[in-house]
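In structure tokens below, several structures.
The same chain A turns up in both complexes below, where it pairs with chain B and then with chain C.
Moving on, here comes the complex of A and B:
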């Protein structure tokens, strides 16, 4: 797969799964066993259901979350995305009742793409920064 | 500069600066107006790389980074890293705990003429602060 093809897979995954949360398309973009290694969380996010519940929790707290790809860097079978996701904190998040505050969640994520599907990801999302913006 | 030349500069950042503790490398591989883009939740947001290095030498003098992936495209380079360190000095007001800490993250660098001019960081400050007991685990 070319770099552009790998980037296109990542963009399609972000749009369908992370933004529109159409998990019926999860197998179209991810290989069986796809997992997300998140250092802030002791366990990796493994499989569709785990990611689905994370995304539901996040959009539940920030219903207008606007998850955007602001930069991409790719080489070989890896694609890195720099994300910015501003949103309004309307419902409880990390034990904090909805504050009505605007906050921005930022992250850098590296995706491994094999034969047109994501096999693993290393995600660094600024959870601590997001929580601090609500205090 | 080619992407391979840019990667070589970023390799010096991890190996010669952070692992070999050669502070003079900062002035060889970064622009004087290097711009940091810290995530809002980064625990330590120093004004300069020299300040950052000084804090690290005091708090985590044995820090050792491993670069697991290094990739480049255009004027950007990304490193996926992890480190191990022991907090043997004061850090953000917290006295030495002698605790072993580890973290992993991604850095995105932009280079011009063989020097790092911009850097976006992402580490796990929440995890780090928990490991040294500044936040409940």
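Moving on, here comes the complex of A and C:
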């Protein structure tokens, strides 16, 4: 797969799964066993249901979350995405009741793409910065 | 060596020579004078501000070490990114208002770089696991109490 094809798979995954949350398309973009190593969470997020729960929790707290790809770099079988996700904190998040505040969550994620499917992701999201914006 | 190989080598040196060894000459060699270092909680404007941060963190965190490998580095002509592991044997002075815990710390993080046409770093945006860091130095309570 070319670098452009790998980037296209990542963009399609972000749009379908992370933004539109159409999990019927999860197998289209991810290989069996796909997991996300989320440094802030002790155990990796493994499979469709675990990611679905995470995204429901996030959009539950920030219903208008606008997850955007703001930069991207790819080499070989890896694609790195810089995300920014502004949203309004309307319901509890990390033990903090909804504040009505606008906050922006930022993150960097490295995806491993094999034969057109995502096999792994290593994610660093700024949870500390997000919580600070809610206080 | 082509530009991509050179950028990969420069990212490796950014962690090995600047962060792990404290070599300020490498900052001058690899970073543009207007280099921007952007953290979750700080935006450092210029090469000298970045040097001060490196010196300060290396004083606060004993044996500060950043590890990355070519497998963890992704580069093109003008952009790059790296996944890394940071460790220190002792948090020995106040950091982000958290007094010395004397604890060892290990966290993961990623940095997204931009290069200029001459191959110098112009920007580095860092995302690291600050919550894990705070847990390890007994600072997590401050986030909710402050």
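In the analysis below, the second predicted complex is superposed on the first by the 135 of 135 C-alpha atoms of A that agree within 3 Å, B and C clash if a C-alpha of one lies under 4 Å from a C-alpha of the other, contacts with A are read in each partner's own complex, and residues count from 1 in each chain.
Keep this in mind: a residue touches a chain if its C-beta (ideal position, glycine included) is under 8 Å from a C-beta of that chain, and two chains touch if they have at least 3 such contacts.
Keep in mind it's a predicted model, so treat the numbers as computed, not measured.
Q: Determine, for the superposed arrangement built on chain A, whether chain B and chain C clash or fit.
A: Pair status: clash.
Q: Is A:54 touching anything from chain B or chain C once the two structures are fitted on A? First, second, both or neither.
A: In the superposition, A:54 touches no partner, neither chain B nor chain C.
Q: Give one of first, second, both or neither to describe whether A:133 is in contact with chain B, with chain C, with both, or with none.
A: After superposing on A, A:133 lies in contact with chain B but is clear of chain C.
Q: Where does A:106 make contact in the superposed view: on chain B (first), on chain C (second), on both, or on neither?
A: Both partners.
Q: Can A:119 be said to touch chain B (first), chain C (second), both, or neither?
A: The answer is neither, since A:119 touches no partner chain.
Q: Under the stated touch criterion, which partner chain does A:75 make contact with: chain B (first), chain C (second), both, or neither?
A: both
Q: Looking at the overlay, does A:39 come into contact with chain B only (first), chain C only (second), both, or neither?
A: both
Q: Under the stated touch criterion, which partner chain does A:95 make contact with: chain B (first), chain C (second), both, or neither?
A: Once the two structures are laid over each other on A, A:95 reaches chain C alone.
Q: Based on the A-chain superposition described above, do chain B and chain C contact any of the same residues on chain A, and if so which?
A: 39-40, 71, 73-76, 78, 80, 82, 106-110, 122, 124-129, 131-132
Q: Per the contact definition, I'd like the list of chain A residues that touch chain B in the complex.
A: 3, 37, 39-40, 71, 73-76, 78, 80, 82, 104, 106-110, 122, 124-133
Q: Going by the contact rule at the top, pick out the chain C residues touching chain A in the complex.
A: Result: residues 4, 40-41, 72, 74-76, 79-81, 83, 107-112, 125, 127-132, 134, 143-144, 146 of chain C touch chain A.
Q: Give the list of chain B residues in touch with chain A in this complex.
A: Where chain B meets chain A, its residues are 3, 39-43, 69, 71-74, 76-78, 80, 103-108, 120, 122-127, 129.
Q: Name, in rising order, each residue of chain A that touches chain C in their complex.
A: Touching chain C from chain A are residues 39-40, 71, 73-76, 78-80, 82, 95, 106-110, 122, 124-129, 131-132, 135.
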